[in-house]
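For reference, chains read A, B, C and D in written order, and residue numbers begin at 1 within each chain.
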Amino acid sequence: MTPLAGYLLVAALLFSIGLAGALTRRNAILVLIGIELMLNAANLNLIAFWRYGPHPEALTGMMFAIFSIAVAAAEAAVGLGLVISIHRHAHTTDLNLMNRMKG
Amino acid sequence: MSLVFYLLAALTVAGGLAAMLLKNTVHCALALTVAFAGLALLYLDLDAQFAGFAQLLVYVGAVAILVVFAILLTKGSETPKDGVFSHTWLAGLAVAAAVFAVLAWSILQSVSRLPQAAKAPTVTVQQIGVALISRYVLPLEIVAVLLTVALIGAVIVAMHEKEGGAQ
Amino acid sequence: MIETADQIFVLLLHWLVSFLPASWQPVASAVLCAAVIVCLFPALFALTVWLERKGLGRMQNRLGPNRVGPFGLLQPIADGIKSLTKEDIVPFSADAAVHFLAPIVLVVTVFMGFAVLPMGRNMVLVDLDAGLLFYFAMGASTELAVFMAGWSSRNKYSLLGAMRAVAQMISYEVVLLLSSVVVVMITGSLSLTRIVEAQSHYSWGLPHWYIFTPWGLAGFVMYAIAATAETNRSPFDLPEGESELVAGYHTEYSGFKFALFFLGEYVAMFSISGLGTTLFLGGWSAPFSFLTWVPSWIWFFSKLMLSIFVFIWLRGTLPRLRQDQLMNFAWKFVLPMCLLNLLVTGLWRFLGDGWLRWVICSAILLLAYAGIALGEQRRKHIGPRSYRYAE
Amino acid sequence: MQQAISFTPQFMASPIAEILWLIPAVPIVAAGVIALMKQPRRKAAATLAIGSLSFSLLLSLFAFGYVLSGWMSGVATREVVNFTWIQAGASQVDLGWVLDPLSAVMLVMVSLVGLLIFIYSTGYMEHDENYTRFFCFMSLFAGAMLGVVIANSLLLLFMCWELVGLTSYLLIGFWYQRPAASAAAKKAFLVTRVGDVFFLLGIVWLFSQTGTLLFYNHGGGSLEPLALAGLLAQPAALGLTAAGAIGLLIFAGAAGKSGQFPLHVWLPDAMEGPTPVSALIHAATMVAAGVYLIARVYPLMQAGALAGGTTTALTVVTWVGASTAVFASLIAVAQNDIKRILAYSTISQLGYMMAGLGMGGVAVGMFHLITHAFFKALLFMGAGSVIHGCNEEQDIRRMGGLRTKMPWTFGTYAVGMLALCGFPLLFSGFWSKDGILEAAQHWSVARTPLYLLVFGALLTAFYMTRQVAYVFFGRWKGGKSAHESPAVMTAPLAILAFFAIALGAIGTPAWPWFRAFLDGRATGFDMHGFAEPGLMALMGVSTLVVFLGLGLGWLPYGNRSPEPEEPDVLERAVPPLWAALRDRLYVDQFYGVTVIAFYAWWARVSDWLDRRVWGGAVAGVAWAFRLWAQLNRSLDNNIVDGSFDKGCEELTVSGGLLARVQTGRVQTYLRILALAVVALAAILIWSSRA
């Protein structure tokens, strides 16, 4: 098994863990954490492909990862801000209690 | 497949699992930082120095702190009585498992086609900088704008209404 | 002869390592250097504690420690023994694991910082291409340790202290980064050895240290402020404001863990001073061209101790700030000034050589500072302070 | 008269020429800034306007000095800076500016007079609450005018030209509360449009012929021999060459701006604007822009002229100019509004300039333009000072005896008046007018213009004397007592008066410096300039005419101040003539019954069409649709609705069912999302596997 496959598997595992968390946890913050994990798994993929790809000197994958790190930071900031404001209104961070959008 | 890789992978996955499974939210956050650190080390293992350190700086240094702050601000640190998992946790788990199955399957399918170990590329920070301001300058600018917007947006969203933006 | 004196430690290392088979040598040398660092700085820490207590004593018209050994020189050792032999108390409701991990994480991350500091010619543990970035990554990680300590010990003082500390460190981390970026802009490299080399040229016998340029001076001032805040030193020592919260985030620590925190703080001070030295004061380079025969490491450590003395001096002189003042200062004054400094550095970089850039850059900076000062005075911001009591 | 060695023209653009664009740019920017100011910021506005214009004046002086030094060292400066504005396929539109003696002289004149008038207006307008707006418009005008002056491209010139027109419109209607003012503004705008349409036609034609609108472009410009030759080769209608036709079209535009005979009607009404405006725009600069335009495109007008001969275009210019000169001064005789009299005299002087251009060449016309600018600005500002002093009284019959009440104004006004009449030897007006007469004397085509112009001179002297007698002599007949104006108003008057006298020195036949400067020839002082055949006689005649005019004016009006109501001396003498003159020879009435009436009729016709024809059609269509709608409704109610309602019920039911899916729980959605992704991925991989 090639090293790349190993990295990809780790990334897949991490992604699934993050997804599982995002799907199962009640606390909104933890859902956000799960999403962060998924993002990081994607970054790992990008970097792995950059490393073992045909043109590492083109830096494409690396750049992609760096940008996604930056964007993820912004996402975390806004997401947590939203959670805080929701908590201020609903006094809970439990997603199961936040179903005002019910059809 | 070096020993280092296995160790780091184990660390990272363990961190991720802990972050998703632990009851105490703050513990989850700390475990998350472990996972982040592991990922950073993985990057280093992949000769992506810059990305690795950036990962440390951004995630361990900033995002983790943000998360714990959010937890403390939302009194999330004490665990709720009726469990930390939603009652549909089984379905969620199943879906996640399905996703993993698909991913793993596709990877194992294409193992033969994946490139073998390549020689480590030598990338200096200078090259990255040059690339950032020459070829990737537009994304850079856009990210800059995005970060600014996110900063302002986060502040406004999290600000107390009664202070009416006085801060 | 001079060469050997300069490179003595390097030669020593090579000699020692040469006994081992080639395959082990890199690992061995790394371990050796790490060991040296880990031993050296605690010793320096002990010395510094004694210096600080003596110095503060002088400043406050007391004698300071003078019982243990000559001039109380053995005082630190006594303290060390005491803290080692003390009982290690963990509060009943505390989160044992985190409570245990916190000091370790702190000390480890702090020591990591030294890995990239060049302490003399060819005297750097790992010459990373992204050394500065690495350093800041490590510095960022210490905040987590502080938070762990404060949160895990289930004590409102600790928590408040930790929150204050983290908030303050985050705010000033930004300033720290921005004030260092100017150096990177000019040097064109994140590698600290490269930065030092860029500064170790001489014209008319004077070195090209960055502090001797307008932007460098401004940057250094910002850096010094940020460093003081980053290490929670007075006047920014709110996290441990004895009068407000008993001892901040390490209230609930005792014995050896407390010693670790204590050590951690001082070592952090060393490393941040070392970084400042490297960035602005020309690292291990001599202050005058005719002094280059003095071994480089001597210069580094003397500069280090000098800045440490400044820290002590500040502590002896300045009163403590209030939290809001602290934050306003960080976000409303220091940060904009750093951004301005970035601008000026860009100008400097592109105005090319010649006297013109000196005039323009210094003019801009001076105007900015003078203007702000005048404006503040006009708007009576620097007036009698008003107290807001907690309700 | 001089040895006709012509200097070598040079084209390299010097630094001063490079920054020439600043001269118009600065006042325009200032105008923009002032426009943003609040109304009470009076001081700031005035300061900004004056400061910017004095900057322009400084630059203009530099430019002039540069050209002058070039001239001294034997170089006829003509430096152009061109750049491409629009690049459309093969053809490109270039803009640019030119620095040559013509533009240099004009620059200095415009900015100097403008500056003086700005300073004057700070006094004149101080009681007006729209002070800032006034200065905004003023400096916008100054900028645009300077732009006209430096333009090296017919298009750029046209832009600034229109801008000038716009500001003139805005300033005439500055007191838009007065119906008269707003009407006058509209009139001015429309009438000048008539000219501008022809002008634009000329521009387009020129562009289509030569492919460029630049005047000078290192041999590639439209005024340079190459292009001119092409234009001459191109025949147009009625025996005209393209050059001649384009010249005539451009002249139409110029006539509109400079109020030449058929299009002069707007200028007298323009006096509704504030007096500084009349002085700056409708006496000194803008109206002169037409003359300047002709001077600028002179090579075009002159193209195809035989040696010493003339061309159709120039002939037309001459005749129009000469006739306007007499015509306007005739009307001026019978006016009672102090500013109107000056307005008509302006028209007639513009006629002189045109005639001078047509017969004597650039230098003759331009010289009169410059001198006239100074003394006419002086007269207008004097009139303004009088009006100001007599608290907004404009009827000369209600004034009188002001020479004691406002000595400064009187003295300066007298200087201006004498300059305008062309009082011999001492005043600039004499020399410039004399140059024109001399040109007319040597004109090969006809003698009539000479006689016309001489007659005009007589009338000028006459009506000016009448006015001065009415205003300054006799006894005061106004209501409240008059008072001298503040120094800020009189000082500019004094300065202008100085120029009104001194400028004459640069254009005497003995030392025709101005002409030499413009034509780029060397010159020196020699008395033989007077030895020109017939010159002495001509000067004698004009002197005689002037004295005659003064005398004729003084006899009936001097020192005896009739009551405001009692009819004028001439009116008693020859009532019909007087009536004709007072009603401005019925030109306005004529337009009223022809052009305007036609437009009114046409408007009525189209109105009728709208109401009856189109309106009817629309109504019919609408009616048809209403019918159709009725049918539809009956259909709907009975057939469609029933089924539709049923369908709606079904929809609500099914929607309710679907709504169950919307649990409002994020995780549910996320789950479904993930499932979908899984399915997609599976399909993808499966398909790619084979």
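Things worth noting here:
Simple rule for what comes next: contacts are C-beta pairs under 8 Å (C-beta built on N, C-alpha and C of every residue); 3 or more make two chains touch, one makes a residue touch a chain.
Predicted model, so just to flag it, every value in this text is computed and none were measured.
Looking at chain A and chain C, the chains that touch each of them are B. Taking the mean of all protein C-alpha atoms as the reference point, the chain centroid lying nearest to it belongs to D.
Rounded to whole angstrom units, the spacing between the C-alpha centres of chain A and chain D is 70.
Rounded to whole angstrom, the centroid-to-centroid distance between chain C and chain D, based on C-alpha atoms, equals 73 Å.
As a whole-number value, the distance joining the C-alpha centres of chain B and chain C reads 29 Å.
Chain contacts: chain B has residues 50, 54, 62, 69, 86, 88, 91-92, 95-96, 99, 103 touching two or more partner chains.
For chain D, the set of residues touching two or more other chains reads 667, 671, 674. Residue positions of chain C touching 2 or more other chains: there are none.
Under the contact rule stated at the top, the pairs of chains that touch are A-B, A-D, B-C, B-D. By the touch criterion given at the top, residues 24, 26-27, 30, 33, 40, 49-50, 53-54, 56-57, 60-62, 64-65, 68-69, 72, 77, 124-126 of chain B touch chain C in their complex.
The residues of chain D lying in touch with chain B in their complex are 667-668, 671, 674-675, 677-678, 681-682, 685, 689. Those residues of chain C that touch chain B in the complex are listed here as 95, 98, 128-130, 133-134, 136-141, 143-144, 147-148, 151, 159, 163, 166, 170, 173, 188-191.
In the complex of the two chains, the chain A residues touching chain B come out as 1-10, 12-21, 23-27, 29-30, 32-34, 36-37, 40, 43-44, 47-48, 50-54, 56-57, 59, 62-63, 65-67, 69-78, 80-85, 87-88, 93-96. Contact residues of chain A toward chain D in the complex are 19, 22-24, 31, 95-96, 98-103.
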